[in-house]
């Protein structure tokens, strides 16, 4: 079979579209943000992406219907006054091997290039290894002018973060995008790395909304954030109780190690 | 070499054939069921499938003759009154890498599509992690009408199981089958996951027999089930004895951890 | 690059040639036997095989000259009275991935088929997990007539050995060879599995010599066998001394665990 | 995508160019040496090499600008009196799978062959497992005349080192280079294997400078070497203090286990 199979579901002409990528990763920040954006904009299905570089797996819905794991592209046509239509890439998995990551990214970029995409935003989480009360949004970009304009939108460019660079789709869509003549940036919401983090996704989307000149209602995302807070708090309390007897000599409470994926 | 090599052994014309897949997996339920069906129907060899995605291995028979590991397709011509001929896919292994799983499944589906297959049943085990006295058959399907008709045949569609979806050939034959325009369902026999489970295979085949309108004699399978019961019982007893001294404080008897593959 | 590169060093016409394969494996029996046969026959270089499925490695000789790891084919022209010329496949490694094993074997078989090969002998060790004083030669073959003729040459066909079949080149050259219309057999010298075993290689070569009607002088191989015996004996003694204090309660001397590769 | 993508940045005609390879590896000796040579010669960018066999990663500079991981070729035009122009291959990574190593090396060699390269020097570290005060430069070459001429340049050809051969790019560029009709040698600076080792890189470059008839100023490299010495010394002292209580019976100070990559 072809390494990557892209099935087009709808034929559309887009006006200077911008690609927004958000796939599973640290704190699931990128995926949460992309899925929420898709939902709030009412973006429509454009194409489904299957690949032998995804796990050999189907999901089963509550209705008993199976669905092969995939990535998917949705599109949103902006008002005539707005500068850009938007393409959103979401999905179940990133490619599970390094080669797979390259192959999938390159094929999706090629497809999007054909639709007129010349600018890419990738959304991700940035693991700080500690609870982050008010997540900042860190940035990395393909060119100096993007760095400057994102700084004005509130993005933090830190000299040392991310030290080891970006690994996975959020980096590769920018790095390979350059070979297609695309510019772009990665928006990374700070997160502990231990929990799915809707609050970090919200911070990322607020910046993105400003940059894309798109209005987003955050009510539902904030509800989800509070729910996660409540679960985290319960785990914290349970572990506090468990670790008390050994607290004086032990390595201290490990409340922050529980990962709710 | 070609990634997947399919050697046709017999040229046949089949009447609206249904593909039944049963390869090694949880409790070996799928393979046991497919092999037993093949035997009981007297299905004939149609094609042998070799692949570099199987282990580099030959089996040696009791007569000293070697045989390269493979999957194989058999066919059964139904009585003129019955609606469908049947193709059965069995074999030694599933593909040993994710890419291999995709490649083999896609090639076999393509081959079967050429033979007229438009409907697929995949047979599998569903590990419950505890001894299951009377295994139910859980289902997942490609479309709502299949869900409804299988419910009538006694299949259980559970809202939460299988939670993580289906991994491997049993899922992929359905998921990729959809890309070939095939419909189908997976029949999963409940099993402990610790033993080869002919009883679960029998439960699966009973449903399949009803759906395919095929009569199956279960005597030999029941004999095999009793034999496994006896072995399991012995292991249970042996481990009871071993674990007795530490029973009050230890994690309890581990009788359910022995896996007879 | 091509997955497998075969460089022909010499153009020859061979008379009904038989391929003898002996690559690194259990007790290095196959490689020892093939290398010794090559040396004793004075076989000449025919082709070198490079592949990206070998490790990315060069060897450095004592003279400081590098050599890329490879397999190699040598040929021996038999006397006109003898029925077959002989091709010998030896080398540094088997393919290091399952796919690589298939690719390399298939390409070498294709090349050898072009040279007229219709019969293959693969040489291997069979690990018994204990010291073997007088190694038998176990067999597996592609057809009944080969089983019978090898029994007459002293080969043992055991109902239960090798139980799990043959893994690696020794099995694959026979299994894939069948797809090229080749017949053949595997000759497995019993060995402990803990040492390089020239004595087992000698047992294998004695059978092969009878079958190929080739005279082989075993003096040098017997010298090597005695040398290994001496090393094994020393390790045995050293470990006896080490394990003495704990002998009553410990797991006993582990003299057989030292592997001299 | 293509397995290996080479983007040419500059069109040049080179005079009998020699390829010098130095990629990350033991003690980072090869990379340090190649990068320093490039800097000192003022070599200019010739081509960038991307590959799906590198990690799916981008680096982020201090200015927030991303860069896809790559290898890169630079060129230096020698004075008309000197015999050879020089090509330098450096980069972030070697291929991360064995197949990847072969594919990348073969494509780069093919590209360089097109530029006229017939001679290759690969630079590497040779791990001695102990602190090396005055690193020797060990050698391995493709032909006897290279061994002789390198001995005159101070390279040590040891009968036993490197015993297991060379693994990775430094070996493969020579081994595969032979298939392109290229000759060459590997220069290995002795190093502990525990630290990045500019002193070993300097030893390697001194030999290379002699062979290529190129003047190199080592001031900056010596400054770097002293800096590493200072860090190593601090780690040594810290570990001395830590290990003192257990020194009489313990395995001794572990100062040499800290690896500063």
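We just call them A, B, C and D in the order they show up, numbering each chain from 1.
Note that a contact is a pair of C-beta atoms (placed from the backbone, for glycine too) under 8 Å apart; a residue touches a chain by one contact, two chains touch by 3 or more.
Here the structure is a predicted model, which is why all the values come from computation and not from measurement.
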item: Angle, in degrees to the nearest 5, of the Cα rotation that carries subunit C onto subunit D; value: 90
item: Self-contact between copies subunit A and subunit D, residue sets same or different by half; value: different
item: Chain whose mean Cα position lies farthest from subunit B; value: D
item: Between subunit C and subunit B, distance of the C-alpha-averaged centres to the nearest whole Å; value: 37
item: Between subunit C and subunit A, distance of the C-alpha-averaged centres to the nearest whole Å; value: 53
item: Of all residues in subunit C, the ones touching two or more other chains; value: none
item: Inter-chain touch pairs (all); value: A-B, A-D, B-C, C-D
item: Footprint of subunit C on subunit B - complex, ascending; value: 1, 5, 7, 50-60, 62-69, 96
item: Contact footprint of subunit A on subunit B as seen in their complex; value: 95, 98-99, 101-103, 105-107, 139-144, 147, 157, 159, 162, 165-169, 171-172, 174-176, 178-179, 186
